[in-house]
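Heads up, the next two complexes both have subunit A, just with different partners, subunit B and then subunit C.
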Partner chain A sequence: MNSGLGLIVWIIAYPFVSFSLGVLLGGYGRKLTARIQRRVGPSWIQPFYDVVKLMSKKTNVSHGYMHDVAMMMLVGGTLLTMYFVPVPGFHYFSQFGDYIVIMYIMLVPPLGMALGVGQTANPNGSIGIARALQMLAGYEVTFVLTFIGFAMKAGTTSMYDLMMLQQSGGVATWGIVTNPLLGIAALFALQGMMNEKPFEVIVAPHEIATGPMTEMGGKYLGMMFIQHLINLVVELTIYMNLFLGGALNWFEYIVKLFTLFTLVLVVNAVYGRFRTDSALRFFWKLPLPMAALGVIFIMWNGK
Partner chain B sequence: MYTQALLFLPLIGFGLSAILMGTARRHQAILKTVALIGFLAIAAAAALAGPEAGSLLQGPTLFGSPLIFGLTDLSWYFVLMVSGITLLTVFFSIGALRDSGSYPMYYAWLFAKVFGMFGVVLARDLLSFFIMWEIMSWATYFVMQQGREEARTAALGYLVYAIVAGMVLLGGVIMLRQSTGSFDFDVISKAIKGYDLATTVVALVLILVPMLIESAVYPVHGWLPDSYASTETSITAYLSSISTRIGVYGVVFFVFVIFGVKVVDSIGFSSHLNLRSILLVLAALTAVLPTYTALFQHDAKRLVTWHSIGQGGYMLLGLATASTLGTAGGLFHIFNHLTYVSLIVFSIAAVEYRTGTTNLNKLGGLITKQPVAFLGMLFGIIGLAGIPPMNGFVSKWFIYRSLILGGYPFIALAAFIATVGTIMSVYKLIHNMFLGQLPERYDNVKEVGFWMQVPILVLMAVVLVTGVCPGLILQWIAKIQTSLGVIPIAYTLGGVASSAGDLNMMVVTSVFGITFLVGALIFLIGGKRRIVSQYDNYAAGHFLSKDVPYNFNYHFYSAFEHIFNSLYQAEPVKTTERNLGRLVRITGDYIRRFFTGQINTYAAYYVAAIIVVLVVLKGVL
Partner chain C sequence: MAEKELTQRSAWDKVLANLRKRSLWMLHYCTGCGAVELPPTMTSRFDMERFGIMPMVTPRQADILLITGYLSVKTLKRVILIYEQMVAPKYVVGFGSCTINGGMYWNSYTTIKALDRYLPVEMYLAGCMPRPEAIITGFNSLIDKIAKGEANSWKDYYENYEFYHKNQEHVFGDIETHHDVPADGKYFRVVEAKR
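Up next is the complex of A and B:
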């Protein structure tokens, strides 16, 4: 499926597949959270209705060209990342860029958003961005260390190779089984990457309005929603490919995707919000040393 | 033929512009024309000199041995970078120096500096290397003085370090000459292989320390931020992009060519604990600490100069791995850093030219007023932060890959921590200058003129093109690697082919181009947009007006300040430097007591001295 017509079909269809999965995940998330809080919750495809509503708004307020271009960078960058993360049956692009590339192209959407939010000239937005960038030093550093350890052990930085390596021996060769310390540390980092509580200080509703989204309305907010939904899929898939053995068929993929997201959601549902410095201190006290210990184990065994 | 021109043209330029310095006040155009023609000629000679690699030139004889110069693949790489960036700096300065009368020797010292740098990279024997090194250091000192009053004081700080570096290097030169009986690099290189451990260590330290001082490696980086940030802004761009990197040239040249990696590796306890691993740790510290210092700066120039130190750490990280990918990354990063850092500083200079300040707490919202400067800054910071598709990403990718697969996980982590710090501080830079609220006083700011726009546009193109097609530069780097005795990198036009996974920036960029268009399409599907004024904004029900600042730039990273402030205040190098300064001042105060300024006191010293001499002589006789 990685050549010829099949490839072209994949390239065109994949954004839609990914968006639909994102809608289902988002709807599932809202439903699950509602049930935990003893509410009925919205429809399963509520995110889709939201996107349609926002995209068809008549009032679209812009603060300038950078604000517009930012939206294109946001969606474009996320789709770019999506293509480079291997999923069952579609890993064509992983031969041109490894996880280090993915790590960096994942910074394109936040950069675009940061620039756009900057031009909206709202201090709430800028505060949100400043917080987001500071949080990188917490979760992103932890996640990268777990990847470094894993890649060093496997002798490759390609995400597809890492995934196939884990598939070679069933559950026993999954990253989280062979390197439990790294896997658990990365799970904490994943919570931060997905901006779920207790690490949602970036958006922080009611505190700094809605942070980066303060001046976004109409199709601008709609595009941020689209990006958010696709990003859900991409981030969960990255963790899955690195630590849960990836997936070879779509059934396995969807089961793993929803299970992992449930884990993230239940933590999100019961926690409050950490202040930026508390969140950073938390990451540096628990997950980061845990990952460091995991890497030291790998180096120890390697000799 | 062209190699001679590389040494003579700067000298002629220096002479001419020094003679013409009197015209700087009344007839600016004369000096500027001389400089432009001179540096165009130098750039042409540099471009044409490539095929002459390998041939040697004999200069005058000193201490019984002739001064020898010649071009190698490594030195051609540096010659091209020096001549290119100098030309762009001259372009920029033609627009930026409004009253050249304040800078009569600006171009003369620039010529001298180029002469010194060419000399260092072209030197083929130790004596010429040392002489050229000293000329370069002094020229740097004079170039740095171009600017306001504080530039002169700050340049003194550089001078202290440069003199120490020069003295240590002189020690190394004397030692090598004594033990080998020759200044010739080939003879020295062969003789070193036969040294015992102690001699090797002493020789290596004496040679490497000056190079590390010049490349501002932690903990001998203290001279750089003050001296670079206080000069005229076009000089800041020039110095941070190329001047410091001559030190890196020295490290590459002496470690790989003269001493050889094996000799460096043999100093230490094991294959994992030797001089090279110390260099790796120093490089990691250099990448991390200055980057996080940059975070707390309130002056745009100062922020970038701290990064200029930090990026030097990346270069050394790559080079110290001594692997194919690592050295390619280190060498490529020199070029990349040259392009994006000068781009950033030129954009800062363009803003300073119109607003008169580089204070990050006072600027804001200039994106609509100076779009070219904004785009320059944007391309520059994407390069500096190492985000695709700009060139900074490619070299950082090489360095990461070599560190991870080379088995240095924590050094790789340090490199990533530095990247996070870089992203944070560059966003502060672009946000506080170009984004956020536009203060009312900048309502009439305009874009800069032609001469200042050209370097910005050229560098933007270079940063993008070498990021998408890194093979253009990698073909030179593969040649250099061969000459350094490292296995050359298997480059392709879009990146690198490797058994551990390829990198193809052309694919990454074209996919991004298409997905960006998809984003644009979704944007167009939505309804028509309306651009509103910056005062039409959410303010929790309040009304915004021109006289109320509604902006977030003070204490931009407050959580980090909260956590690290105490650490930042007690930074060991700064504390040591401050205490040394205090010691010198106290000693000076005591010594000053002897110099009363009264002739009677001095007469008394003479009498006392004569008595002492007589007593001593009597004792001897």
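Up next is the complex of A and C:
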């Protein structure tokens, strides 16, 4: 699967696979939230209907060149990240880029969004972007620190190697079992990274009218939706590969993906939204010291 | 005209219409008292999201513009600005008697009486005010119209803009909006599409 024709097929098919998984995850998320609120909820593939609806809009409002290019940066950056993250049967690109590369590329979509939203010149959008960058300082620092600790212990930064290392001894070698402090701190960071409540300060519909998406309509919003759905899969997979032992077959992968997403959603469903400063303060008070403690612990024990 | 259009619809349009009807985002313009019937429609008792109908917060993202109740001369201007910012296909739904004939504000000097003189209304929900059951039924009929390709009132705004603009000017005097509607209609080929 990682050479010759199989590789080419994978490269072409992977975005579609990822998008389909994202649609299923998104639909599952909305259904689960609805069931928690005792509603019937939408269809299981509701995000697909939304994307089709948005992409089939007849008119469009463009605010200029950067507004158009930003959408490509958004989707392109996410697709690039997606290729570097190993999934069962496809880890060709992970030999060229370790987690540090992924970390860099993951900043491209928010940057593209910031440029595009800057051109729309909507104050709500600007506030949303400012909040997104502030939140980066919260969760990104924590997440990177947990990764550093984990990589130090394993002696490698390659995501594929880390995954195989965890696969070697079953559940006992999973990252979250061997380094519980790091794993739990990263769970908090994941909640912030996925922009779910209580850290849903960027897209706060009741406060700043969905922030960056305020001026986006029709095909622009459709692109953002596609990016969001693929990003769901990518972010969950990164956490899974680092702390839940990754997956060697698709059954295991999907089970872990949905279980992890359920955890995120359940927290999302019962919490309200932090203020931006409260969210940042929370990140620096609890998960960040936790991650730092985990790293110190690993340094203490040596390899 | 409508029947001819129906037979000329391609298979692709039919597929698209059937997918599009499953996802309708609604911007509710709640000046009137009718807004009080919306929370029960959205939450667990009646659950609008079953049909893929969701509240959205900005005009650019919305498909349905729901006008709940009376419109004063002052708010009508905002509604027109909001409507022109929306991305087509867009559907205006008049909610309650006030949008149909002025309702209990018939004698008022500050409210307008018939919304469809100023904006192309796709559908009215009659009642003072319509209960959640009526809203759900109404939206289901809108969904049916979209599936059949009959929900084309938004094209009317591009084609008969003079009529709407004349009525708007009658109320406001000179009105200038951010969009050049006839030019937009030509650029996106909305006007030719119907002929």
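Here is the rule we go by: the second predicted complex is superposed on the first by the 302 of 303 C-alpha atoms of A that agree within 3 Å, B and C clash if a C-alpha of one lies under 4 Å from a C-alpha of the other, contacts with A are read in each partner's own complex, and residues count from 1 in each chain.
Everything that follows uses one rule, which is that a contact is a pair of C-beta atoms (placed from the backbone, for glycine too) under 8 Å apart; a residue touches a chain by one contact, two chains touch by 3 or more.
Given the structure is predicted, the values throughout are model-derived calculations rather than measurements.
**Student:** Mind working out whether A:165 is in touch with subunit B, subunit C, both or neither, as first, second, both or neither?
**Tutor:** neither
**Student:** What is the contact status of A:181 with respect to subunit B (first) and subunit C (second): first, second, both, or neither?
**Tutor:** Once the two structures are laid over each other on A, A:181 reaches no partner at all.
**Student:** Name the contact category of A:56: first (subunit B only), second (subunit C only), both, or neither.
**Tutor:** In the superposition, A:56 touches subunit B and subunit C alike.
**Student:** Can A:218 be said to touch subunit B (first), subunit C (second), both, or neither?
**Tutor:** So A:218 meets both subunit B and subunit C here.
**Student:** Contacts for A:79 in the overlay, against subunit B (first) and subunit C (second): which applies, first, second, both or neither?
**Tutor:** After superposing on A, A:79 lies in contact with subunit B but is clear of subunit C.
**Student:** So, A:242: does it touch subunit B (first), subunit C (second), both, or neither?
**Tutor:** neither
**Student:** Just checking: does A:209 make contact with subunit B only, subunit C only, both, or neither of them? Give me first, second, both or neither.
**Tutor:** In the superposition, A:209 contacts both subunit B and subunit C.
**Student:** After superposing on the shared chain, does subunit C or subunit B touch more subunit A residues?
**Tutor:** Touching more residues of subunit A than the other partner does is B.
**Student:** Once chain A of both complexes is superposed, is A:101 in touch with subunit B (first), subunit C (second), both, or neither?
**Tutor:** First partner only, subunit B.
**Student:** Identify the residues of subunit A that lie in both the subunit B contact region and the subunit C contact region.
**Tutor:** Shared contact residues on subunit A: 56-61, 209, 214-215, 218.
**Student:** Quick check: in the complex, which residue numbers of subunit B touch subunit A?
**Tutor:** Interface residues on subunit B, with respect to subunit A: 365, 367-368, 378, 382, 385-388, 393, 397, 400-401, 404-405, 407, 409-410, 412-413, 416-417, 420-421, 423-424, 427-428, 430-431, 434-438, 500-504, 507-508, 511-512, 515-520, 522-523, 525-532, 534, 536-538, 540, 550-553, 556-560, 562-563.
**Student:** Which stretch or stretches of subunit A touch subunit B in the complex?
**Tutor:** Result: residues 15, 55-64, 66, 68, 71-77, 79-80, 83-84, 93, 95-98, 100-101, 104-105, 107-108, 111, 114-115, 118-124, 126-127, 129-131, 133-134, 136-137, 140-141, 144-145, 148-149, 151-152, 155-158, 161, 209, 214-215, 218-219, 222-223, 226, 275-277, 280-281, 292, 295, 298-299, 302 of subunit A touch subunit B.
**Student:** Help me check something: in the complex, which residues belonging to subunit A touch subunit C?
**Tutor:** Residues 30, 34, 37-43, 46, 48-50, 52-53, 56-61, 205-206, 209-210, 213-218, 221.
**Student:** Along subunit C, where are the residues that touch subunit A in the complex?
**Tutor:** 16, 19-20, 22-24, 43-44, 47, 49-50, 52, 57-61, 63, 85-89, 184, 188, 190
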